[in-house]
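One chain, chain A, appears in both complexes that follow, with chain B as partner in the first and chain C in the second.
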Partner chain A sequence: MATRKTTNGAPRGASSGATGSARTTGVRDAVIVGGNRIPFSRAGKRYADASNSEMFTAALEGLVARFGLQGERLGEVVGGAVLKHSRDFNMIRESVLGSSLSPQTPAFDLQQACATGLEATINVANKIRLGQIDSGVAGGTDTISDAPIAVSDPLRRALLAAQHAKTLQGRLKALAQVRPGDLKPLTPATDEPRTGLSMGEHQAITTARWGISREAQDELALASHQNLTAAWDSGFFDDLVTPFRGLTRDDNVRADTSLEKLASLKPVFGKSLATSAEVPAVPTMTAGNSTPLTDGASTVLLASTDWAQAHDLPVLARFVDAETAAVDFVHGHEGLLMAPVHAVPRLLARNGLTLADFDFVEIHEAFASTVLTTLAAWEDADYCKNELGLPGPFGSVDRARINVNGSSLAAGHPFAATGGRIVATAAKLVAQRAAETGKPARALVSVCAAGGLGATAIIESV
Partner chain B sequence: MTATRPATVAGGPLRIETLPSLPGLAGLYARGAAASGRIAAGRALPHLPVVGTALEPGDGPLALPDVAYRVSGVETDGLAPHLRDYQRLVHEPASDTMPAGYLHVLAFPLATAVMVRGDFPLPLLGMVHLSNAVEHRGPVRVGDLLEVRAWAENLRPHRRGVQIDLVAEVWPDGGGERALWRGVSTYLAKGFHLPDGSPSGVDGSPERAPSGTWAPPLPTGRWALGPGTGRAYGAVSGDRNPIHLSALSAKAFGYPRAIAHGMYTAARALADVGNARGDAYRWTVHFGRPVLLPGTVDVAVTPAEDGTGFRYVGWNAPRRLKHFEGGVVPLDA
Partner chain C sequence: MTDSYTRLVNAGLGKTLSKRLGLPRPAVLRRYRPGDPLTVGPVLVLSDAASKPEADAVAQALLRWEVDVRREPTDDARWGAVVLVLTEAARPTDVSDAVLAVGSVLRRVAPNGRVVTVSRALTDDDPPELAATRGGVEGFLRSLAKELRAGATGNGIVLTDGAAADSTSALATLRFFLSARSAFVDGQLLPVGPADAGADESGTATDRPLAGKVAVVTGAARGIGVDIAKTLARDGATVVCVDVPAAGEGLTRTANAVGGTALQLDVTADDAGTRILEHARSRHGGVDIVVHNAGILRDKLLANMKPQQWDAVIAVNLASQLRINAQLLEAGVEGLRIVSLASIAGIAGNRGQTNYGFSKAGVIGHTRATAPLVARLGGTANAVAPGFIETEMTRTIPTVTRELGRRASSLQQGGLPVDVAEAIVFLVSPAAAGVNGEVLRVCGQSWLGR
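Then we have the complex of A and B:
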């Protein structure tokens, strides 16, 4: 008698883990097929009532539609959110179940602060390269507008103790521990837990140490807005973005901003550093040259070359390699957002490359000064020798190659969604450049993150 | 600072008086009589008068009591929840090993008992904590059987009165080669004078630059201290001096608002140094301007330039006032 062990019959998809032999030796290429995100929106505006999983599902479903993946069993979907409610355990898996993908598509959540999206991409690419999966989606989502609000630790402990108590008396005794002050809700903060300084204050210290000027920061911010506007106008994002909640473009980008307007903004970070004995610094960081809080979600489709061919899908680029780093920022030895500065030299050395070998350099604009301190550090002989262990300056980057289609200052930065936005953008940029020139093109991706973390990657045309 | 035997100013040995148990909060915790860290020390120290029967200024020569208190057989089995509360409050990692600041809290009631003796010449309330120096030879763990000793010594002039050292030591029960922990708390009693009449002298406190002229270093951290900071540390430490508890009670002692416990700020700085301090370290602090609550304190906790341990300093950034500074330096075992 035939027994039916599952309710949905035989697997429909073709992708089922490792191909061929029982043991996989060596690695193969992981390629980027394409990406899809929803337009990013300033916090509290168009996506004010959209949840993390709604936004991720929307971005994922757009990706499924774009590449005809309905009913497809993918190897894995990996993503996460930085500000995530505890009820959203398995958030990515739930999004998969809410999408048109095969319900047999596994998924998991991961989180590495602002590097979440890039770390997800690294994970999916590595599984593909090892032959453990043939296809996968990486991405991330974040909402400030719909951020989870927590209760204070004393209230939480009292509620848990009451729940665990066996008698009414015990429950009342536990609840009697609650003080009025404990009832105040806790909203998520961008303060570093270990230092109590906000990310902006940390970066203000780094900015002061490196002597980055207000003008240089404003110029970089202006370029971000201009480049992103031009990219939207030229249709660059037409096959990378799906409208959501009536929004068709990133709503933070300001086509009409100017250096004068940016120069008129008051500093918001580093205001107490002016009296410092170490680095007396006029505050330079404003809302204009810092990333706004943003809502949004992004996804990237990765695959093996064979899988892409078998599904008749285009290939934009190869995800070559990646390197993460962390820095000792707690006692001020290194700047909080300087980890990519350490990761990139290691990544490039492993791959026999120099900064000059890149056609595009995508440095996440957490703040304009993050990009500028990164560049300054790589040009500083003493720093490169003492901190990075290099014989001399790591090198310079041609400004014309940096964030050519805009970055987070203009697009906004929904923490976990930024990695997917940058990877898809970089993949399309190298694909376009290679098609234009007939020569291989290469992009470097760098994302800094809270906790002194950073993730970096190399993307190359195929 | 070496662990010396208790001695009088004249060099003679102090009379050792053995108490049956640690007075107050820590003893209650140790006996498991309290499960919560919210026990008020006011309740926990009922047998101690709130204010010592101090002599009025100019009321004859000052002399410290020639007695050292000792409590042996101090059990620490029941201290785990109290230690946990302390660790959470000052941002120490959860551990069964007691940080130096916790041993200060443990010995505090015995040191207080010295200060509230009838023959102690200075008033407990109103005394200003100038500085603190601890040698932590540790580790001391929950479950260790300890002996605690406390006495007052080194009465000496200060430009604004007199200062004394309250010395507390934690030993393995039954003694040993040296104390596991030794803390010297230096207090100022304003308006008192020594018989020789010299009011001036080295006061050991940091230089007090005029307001707004001191230039701070770059911060490595920022503490947002809520209005209940003093009450929270008071509940855990047992130090419920009214200047820490509320604006109203602080005003009675001349402060515009409640002020943070100096030892709370020093303990936060010690916690910030983290594992780099090792098992044995010297932890010092000099207190400057008080931290008014609620308030924001910028801190710089940085490796010392000479490579030995850490230095730390805390300040009010807008007003450029130094609140405290000190160091955490590893000790050779």
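Then we have the complex of A and C:
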């Protein structure tokens, strides 16, 4: 991994902006051709009766239409959903069969919580880079509106026992074990199984520990809405989004929100912290600076340069490299959503880059404070030394480079679909910037996930 | 789908009753399917005495298409079509025998049969007798078309600039009029000039005359645009489907149905033509055909018309076409074949549609002016003016108005979107190069307008 070559074989300076290259020998480039998603919709609204596979198929069909892939046998389609029915065991493959792609296109499901979409992209990119496939689609879909609901364990055991019983009496005897309380359905929980705390409560602790202010969070949320609105208005998403079920724009974005409106919202997370002995703090996290539950699906088309060229397809960017990380949040040592903070320094070190080398930084806004704690941690000398093993502060990110076209606070966050949204957005951003300036442009992508997970990636213009 | 009244009077008790009561009995029209015979029976080629050599040439061409061609009006046939060649008739009296010969076989024209006249256009130098003869053909044809029954249609080829009756474009037009592709074209006379030397006849008789061509269709997400895209693709073209981003869901369906690409683009954007060209060139190697189909309605009596209602219709239906054409011409696109959607509302006018009427008549106007500009680069620009077409849009018209719209035509029914598409596909076909600057009505010989 030590050998580095530039894309064109010509050495480039490594002093400022997007310069240098991180291509390793022995592998070829994986490029991002484009993306397509459906507009994201707040849970229970427009997509209330749309299933995960319907949404993914719609996103995939839009991608096929945009790039004329009808009947094409792609190398692989990879994606997943965080909240998934057991009947959807082969969801992505079923979506492929329901699409206009060749039925000979292989597919598989994967899941890494909120990092699913990015992890799918990493998988497809790696297969392309190794020459195992020439083209592939990565993506994800999630619905809260149509989430699977399970029955309680006692009821489930009784039903299974009744099914296995050979006689009517046996079946009745099994079912007689059911108590009224067992009939209560189990709705899917996003709480951490090991701590019982919701993601918001976890983040509230992290927020308090880093002393992130309510104002800073609201400002970030406002910027997200303003940036996403501006991106929509400028037509940025005209070739990244295809309407679904009559919805033509993300319906969570609020063009008319303001700091006053955001400031008027009551905190929803961290309310118990006021009396906490460990990290006493005034609660700061509201519905305005936290992502809402959202339905949606996204896809990204990746390929080898040759395949894209042979199919007369555009190339937005290279998918350069990726790094995942996990943290020990269970014992309270590290914040639940802090894994990307650990992943990025390792990723950048491997590629000989610093934070200053990025024109765009896409940090998934699980909460406004997730972005802010990430930035604060990288600027903290002690933390960087003790937790990240760095000689000093990792560095600062110019705020004007962060989530320039909005992120999850405004768009919403259908868990597995967020990675595809960010990758396609980042790829188009670097392509546009490179076209404007005539110089290479580079984006850093960071997505935190449940379970103390995080996935990060580098995307670079071609 | 054929409307329910037409279905009712064509089967069972409804058929018997409507016959007895003398109700209008619109026919179920024969529509084109690849592989079907060109006509429903033998083709009779008639002419006046002076036009016999031209008629012979036309008959030879029909034989090359493996059509059963006859030259005598015998009693034993159910005629699939009658072709009446009057190109060399010089005096009104010259045509008597020929037109009466047509009359003698009219009762034996098969359902969905065809009558096609071939004549010459009036010119400024015509002596009065010649002008009377040539002009008379138009009135004859339009009247005859109204006498035809059971889905039979009458149309005319009007040769201009000395084009021969068996020239490439004249034959391509004849083939279109004879075929089921022209099911809802009735009572029309289409001027046809000599095609450029580059015009290609080879595709005329094949099922895929547009093979290798790249076509752009605006407004392809729904309505007639869907059928235009499908019909272009059926005939071999690669189709770029364009519609506003908000219509992307339907656009995806169209693009995936025709194996084309979806381009989410507002045609009223300043750089719409440039972006269409960029997409077509980078993804498909160029553009050969543009169909300006995108259109909107904002009906209001002029007294109640708001600026945005007027302006939106003009912007989408008219100004966008002008801008896109200008950008494509500016870029020097060669051999470009343009078809714009006009409407009989642009010819006859409609109450409550001053904006729409302006835009559609404007389309007819600019088509005439665009034609010579495109011709310099070897292309053509034509318009298609649909009459009453069965679409989602016309389904919302109140019942009585809708029934009037349907029945007030020789074919006594609304057309289907595919009928409009077939006319467009004919006009953009290589062999139709001699048709330029014209407006072809697809209206079942509607009583409205000319």
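The rule is short, and it goes like this: the second predicted complex is superposed on the first by the 437 of 462 C-alpha atoms of A that agree within 3 Å, B and C clash if a C-alpha of one lies under 4 Å from a C-alpha of the other, contacts with A are read in each partner's own complex, and residues count from 1 in each chain.
Just so it is clear, a residue touches a chain if its C-beta (ideal position, glycine included) is under 8 Å from a C-beta of that chain, and two chains touch if they have at least 3 such contacts.
Note that the coordinates shown come from a computational prediction; the quantities given were computed from them, not determined experimentally.
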item	value
Combined model on chain A: chain C and chain B, fit or clash	fit
Partner chain(s) touched by A:Q177 [first = chain B, second = chain C, both, neither]	first
Which superposed partner A:S272 touches (first chain B, second chain C, both, neither)	first
First (chain B), second (chain C), both or neither touched by A:G196	first
First (chain B), second (chain C), both or neither touched by A:P391	neither
Contacts of A:V241 with chain B and chain C, given as first, second, both or neither	second
Touched partner set for A:H331, first chain B, second chain C, both or neither	first
Chain B versus chain C as contact partner of A:A208, first or second or both or neither	first
Per-pair minimum CA distance [chain C against chain B, superposed on A] in Å	45
Sites on chain A touched by chain C in the complex	58, 61-62, 64-68, 70-71, 100, 235, 237-239, 241-246, 248, 312-314
Residue numbers on chain A that touch chain B, as the complex places them	153, 177, 181, 194-197, 201, 205, 208-209, 272-273, 275-280, 330-333
Footprint of chain A on chain C - complex, ascending	241, 245-249, 251-253, 255-256, 259-262, 264-265, 282-285
Chain B to chain A touching residues, read off their complex	36, 38, 88, 215-224, 226, 228, 272, 274, 298, 300-303, 310, 317-318, 320
